[in-house]
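What follows are several structures.
Okay, so chain A shows up in both of these, paired with chain B first and chain C after.
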Partner chain A sequence: MRLLDEQAIEHIALGASLLGTGGGGDPHVGKLMALNAIRKHGPVKLVSPSELPDDALIVPSAMMGAPIVIIEKIPNGQEFITAFQGLEGILNKKVYATIPIEAGGVNSMIPIAVAAQLGIPLVDADGMGRAFPELQMVTYHLDGIPASPMVIVDEKGNRVILNTITNNWAEEIARVCTVTMGASVMISLYSMTGRQVKDSGISGIMTFSELIGKAITNARKTNTDPLEDLLDITKGYKLFQGKITDVSRNISGGFNRGLCAISGLDEYTEQSMEIAFQNENLIASKDGTVVASVPDLICIIDVDTLIPVTTETLKFGRRVVVLGIPCVSKWRTPKGIETVGPRYFGYDIDYTPIEKLAAKQEG
Partner chain B sequence: MRLLDEQAIEHIALGASLLGTGGGGDPHVGKLMALNAIRKHGPVKLVSPSELPDDALIVPSAMMGAPIVIIEKIPNGQEFITAFQGLEGILNKKVYATIPIEAGGVNSMIPIAVAAQLGIPLVDADGMGRAFPELQMVTYHLDGIPASPMVIVDEKGNRVILNTITNNWAEEIARVCTVTMGASVMISLYSMTGRQVKDSGISGIMTFSELIGKAITNARKTNTDPLEDLLDITKGYKLFQGKITDVSRNISGGFNRGLCAISGLDEYTEQSMEIAFQNENLIASKDGTVVASVPDLICIIDVDTLIPVTTETLKFGRRVVVLGIPCVSKWRTPKGIETVGPRYFGYDIDYTPIEKLAAKQEG
Partner chain C sequence: MEYRIGIDVGGTNTDAVVVDNSGAIVASIKCPTTTDVFGGINAALHGVLEQLNVKKEAITYAMLGTTHSTNAIVTRKDLLKVGVIRIGKPAGMAIQPMIDWPGDLVTTVSNQVFHVAGGHEFNGKEIFPLDEEALKEAFKAMKGRVEAVAVTSIFSPVSFAHEDRAAALAHEILGDQIPVTLSHEIASIGLLERENAAILNAALNKVARTTALGFKKALENEGVRSAKVYLCQNDGTLMNIDYSIDYPILTIACGPTNSIRGASFLSGCDNALVLDVGGTTSDVGVIRQGFPRESSIAVEIGGVRTNFRMPDLHSLGLGGGSLVKVNGSHVSVGPESVGYRITEEALVFGGSTLTATDIAVRLGLADLGDSSKVAHIPMETAKEAHTVMMDMVQKGIDSMKLTKDPVPLVLVGGGSLLVGNTIEGASEILRPENFSVANALGAAIAQVSGQIERVYSLDSISREKAMEDAKNIATEEAVKAGAAPETVQIVEVDDIPLAYLPGNATRIRVKAVGDLKR
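Up next is the complex of A and B:
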């Protein structure tokens, strides 16, 4: 157990937004939410999964929807009190701790704010080790943990509770509710025992995010090659460097879908990269060849500051570096690939681990 | 209290489908559902609102969605056991009786099946005195009774519980859930006390439906003018007679919308009528002049058998009579007109009671 202070939150917000792979919302908005909460309620206890009692009730807290909307609809804090009370009533048990569902600018921060506000611990684990756009795309799902009962609350005071026969039905019904309720809502789902978190969660994600955040922060202060540090920490690969030349976007069905084209600079002159996204970056192709794909992480960062660029802030002319980072091993199982591999997102390619693709590029 | 037998159910199904004003689903499918239930579980006790204990919990049961879908998705009977158990858990009280939300071919029958299956009484009242397409269009809403907690269940086993800040939000969220869950679902909402049913319900709707059904059945056996009987019972007006020449339809957003054109026959030769519908018939215009509008009832019946024709079975060439029937007085209040008057449905006309419009036509 350790306490998260303001400095830690700054680093986690920054690092998690790299793991958000373009999705997961604006880290600045998320950070303000978390900082406000700890200033008001005191610092948050971060506990590792191994510290959890096996029978404790652990409840994730997150937002769902096109993340850009949250800039205008910052949660009022009442949402999760309502949501957790609803779940406690159904499950007939007190919530012991909250946990993020994914790593990202907003969804790593909301559980901090919730933990501060409710005075409960925050678990140092998540269900993705990155961000993904759909609710069934969690390691909890791979291990058969049901998303239901799922609570959806909006800032107006509407509350929806889902009990679905599959986690994909939870995604489908929750998605249309989200769109109707104002395109961005707060959710709680995948209530788990401490034992289940230990078995199915991605342990240490907050600490990992903090480490990444520190490296990015230090990059602005150092004279040596700061990218090397970041690649070391993440075991990542530099895939490309260049200038964004085109971004096409389509917000529909509750998703932010699009394509980003990057024209090469420096050692990548005369080359081009195209990145397809659905909230998160899905596929990166260099001169028509896939060089990284889900579930591996494709991260776009600013060339000077190394600050992660979300798919919502991709802009013509921005100079960026593209990184590829291996996903956690749970995603590389057959059920993992079936759940979040390229074919699930409609791309007719097999998943190849980024380590192999990188070796091919080198060779 | 009286028992509903098979004969009574036949009559109620037929009569309620007239009050369904084109909506409310296929009376044959509804009837089969109710008949199967009483054959299996025994006859149903019909109680009048005055017989209810003031503090008894009364829960409506209904289907929601494009009613044509129910032909392929007949409820399996488990839905309401699940839905009512959910509500009993939330409200911490046993359900005393069920009640229809509206009069219509399916939604008058489902509460009979539910009452038989659960062994509870059925209340002789509803919340519309007819059928309407949206959830807030009930007299309960006019009296400030909340639709929440609302339970939505599908035949697959998915369950959604809504707690909304307004009844219009219940309609909006439930509508998108319905579409996503397969276009037709079972619902429970507007849980009430016996006292509230006495104050806000439309008393005697099942008995009234039965009376209408008897008149339609007898029409096939009599040699005198059978339409007179039906007009007497309903205090209705014959608005038109003719042949359907055109039906345009658009199933979208969970609604069945369209226009029906009728070319006059007999005393209406050279005249034409147009009827606009959204699940239910909304506006009837004769040669461009409105002769009836919501909330008054516009009913299309077969010219020979007087059997009601639903908006889903309107067909080119069918010979029909169009009736107009005054709605219950609760709809003629300012809040009633605001909730279900022509302007709510997007028509730029004031509501004029059918009695006045009929007098104008005569004069």
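Up next is the complex of A and C:
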């Protein structure tokens, strides 16, 4: 157990924007919610999964909806009091701790605010090790944990409780509710026991985010080679460096489908990279050859500051570095690939781990 | 013949130019910027008019780009006490207004913050009806404690009815004279950044008034009485002076924009790269359709995050005063520089420091100072140093270019003589006359604009209809700001689908620009 203070939150937010792989929403608003909450209620207790009693009730907290809506319609802050009361009523048990559903973007921060406000511990684990767009895209789902009962709460005080036959149905119904309730809502789902968190969660992810955030912050202060530090910490690969020359987007079914073209600079002169993104970056190809694909992490960062760039702020002329980071091994199982592999997102390619692709590039 | 005066207040110099109908510069001057700002403005105005032999009535427009507002925020001086209203309760309570402001600025600006029920959803539906009673209570509580009011309602860029109603109530209770800033009038989606801008704008009202009246008075003192008076905005367009009192925040950081616009005009290029070489650093910017390409990074003003757009600039540690160090066969240039002390410290001016300017003189690129004082530098060394400098320029230009195709490069700024005559990737190199007063010229030739940003649901109207609607509103806004209707053009269209959201909602941003009505 350790306490998270303002400095830790700043670092985690920065790390989370890298793990967001372009999606997950800008953590800035989530960070301010977390800061607002700990200034009011004091620092948050971060506990590792091994510290949890096996039978304790652990409940994820997250935001669902459009990131652009949450930056305008800031939440009320009381949503999870309503949400957890709903769950406790059904499950007949007190919530012991909260846990993030994803480590990337705004949803890495919401559980910190919730833990501070409710005075409960925050578990140092998540269900993605990055950001993904749909509710069934969690390691909890891979291990057969049901999303239901799921609670959806808006800032107005409306509370919807879903009991669905599959986790995919939870995703579909919840998304419709989200729009009706104002396009940015708070959700709680995949209630688990401490035992289940130990087995299915991705342990240590908040601490990992914090390390990444520290490395990026230091990049702005020191003149050492900060990219090397970042690659060391993440076991990542530098895939490319260049400037964005084209960004095209269209929408279908509520998801951005876009392509970002980058033309090479410095040691990558005369080369080009294309990144296919939906809300997150999904496939990176260099001169027509795939060099990384989902579920591995493809991160675009600013060349000078190393600050991660979200898909919504991809702009012509921006100078960037592209990183590839191996995903957690849970995603590399057949069910994992089926749930979040390239084909699920509509790309007709087989998933190959980034380590192998990198070895091929070098060889 | 009619004339326009353009004045630009920079960190070091205050520049003024007078241009005629055809856009030709007929007079120009550079004066040192003074700490009170007006000293420099008065001197520049007086100096430039002295050079001019025309009737004062022939001066029909006067434009000022100034740092008054920026200085006030940075130094925390002359700021008003602001009553802050956020409409949207129960939404918005999770983050207090001004949460990430520097503490001393919060203390200076506001201790009166109220959350009021109301606000809108992304589709324009009310979150809750506006709680007028709570608003009235808030304004009553502010009586005698605030000098201005800032109102920010959730999704006011989509529907501003609640902000408008709040303004009416503020005037009813706090009096007609109280300055009220409504957030939807100055910034776009992003509640906290828009609210920050609204609060700063309200706090700047007194400074804005002083600036506007001061400029008018300075003109009158010089006998310029019939000119229409404008202030420059950060997007390269103008606001008339009455408008500028209500929206001072929009004048923040107009300098770099004026410089790029001036360079575009001087060179006649609508699409080009601009390299502005100063004493210590150089900036590379991009002209697109005559306007600077904007940066996508959130801009901080005095430690406060806003969503204003600033020109996208790439800075290099190379200027006329950059130190050149020779270590055996290894030559390095910058980033250290003698800066403004160049006229004492450079070798050609009798100093003892080897600078980039000395290298340019040795190679015959520039004719400055006493060239005999650099004759001892081996030609090989000078060439090597120049190669290092050109490499820096080359990299900076490469990083700003969007395609491999060569584009024109416009060179401005006092240090631009360092740059040689061929650069890979530049189709041509233009060195316009009067390049040292590009900023003030940018002010003199500025146009007026109208801008809107809305979220449209493409389930209820077609994309084309939505675009057309947005373009019409932007055009109307430009005409309202003083543009001649037949000259208005749409210069920017941005269309971003809302992520993670079915219902085909899209955010459309349109900017229209036109020439001032004669």
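Observations
By our rule, the second predicted complex is superposed on the first by the 356 of 363 C-alpha atoms of A that agree within 3 Å, B and C clash if a C-alpha of one lies under 4 Å from a C-alpha of the other, contacts with A are read in each partner's own complex, and residues count from 1 in each chain.
The definition used in the following text is that a contact is a pair of C-beta atoms (placed from the backbone, for glycine too) under 8 Å apart; a residue touches a chain by one contact, two chains touch by 3 or more.
A quick note: this is a predicted structure, and the numbers were derived from the prediction, not measured.
Once the two complexes are overlaid on the shared chain, A:328 sits clear of chain B and of chain C alike.
Between chain B and chain C, the partner in contact with more residues of chain A is C. Touch criterion not met for A:290: it reaches neither chain B nor chain C. After overlaying the two complexes on the shared chain, residue contacts for A:263 are found with chain C alone; chain B is out of touch.
Of the two partner chains, chain C is the only one touched by A:78; chain B is not. Contact with neither chain B nor chain C is seen for A:233 once the two complexes are overlaid on the shared chain. By the touch criterion stated above, A:179 is placed in contact with chain B and with chain C alike.
Contacts of A:162 after superposition: chain B is touched, whereas chain C is not reached.
Chain A uses residues 156-157, 176, 179 to touch chain B in one structure and chain C in the other.
If you check the complex, the residues on chain A that touch chain C are 23, 29, 32-33, 35-37, 64-69, 71-78, 113, 133, 155-157, 175-176, 178-179, 182-183, 243, 245, 249-251, 253-256, 263, 265, 279, 311-313, 315-319. Residues of chain C touching chain A in their complex: 88, 90-96, 99-100, 119, 121-122, 127-128, 154-155, 189-192, 286, 293, 296, 312, 314, 398-404, 496-507. Those residues of chain B whose C-beta lies close enough to touch chain A in the complex are 156-165, 169, 172-173, 176-177, 179-181.
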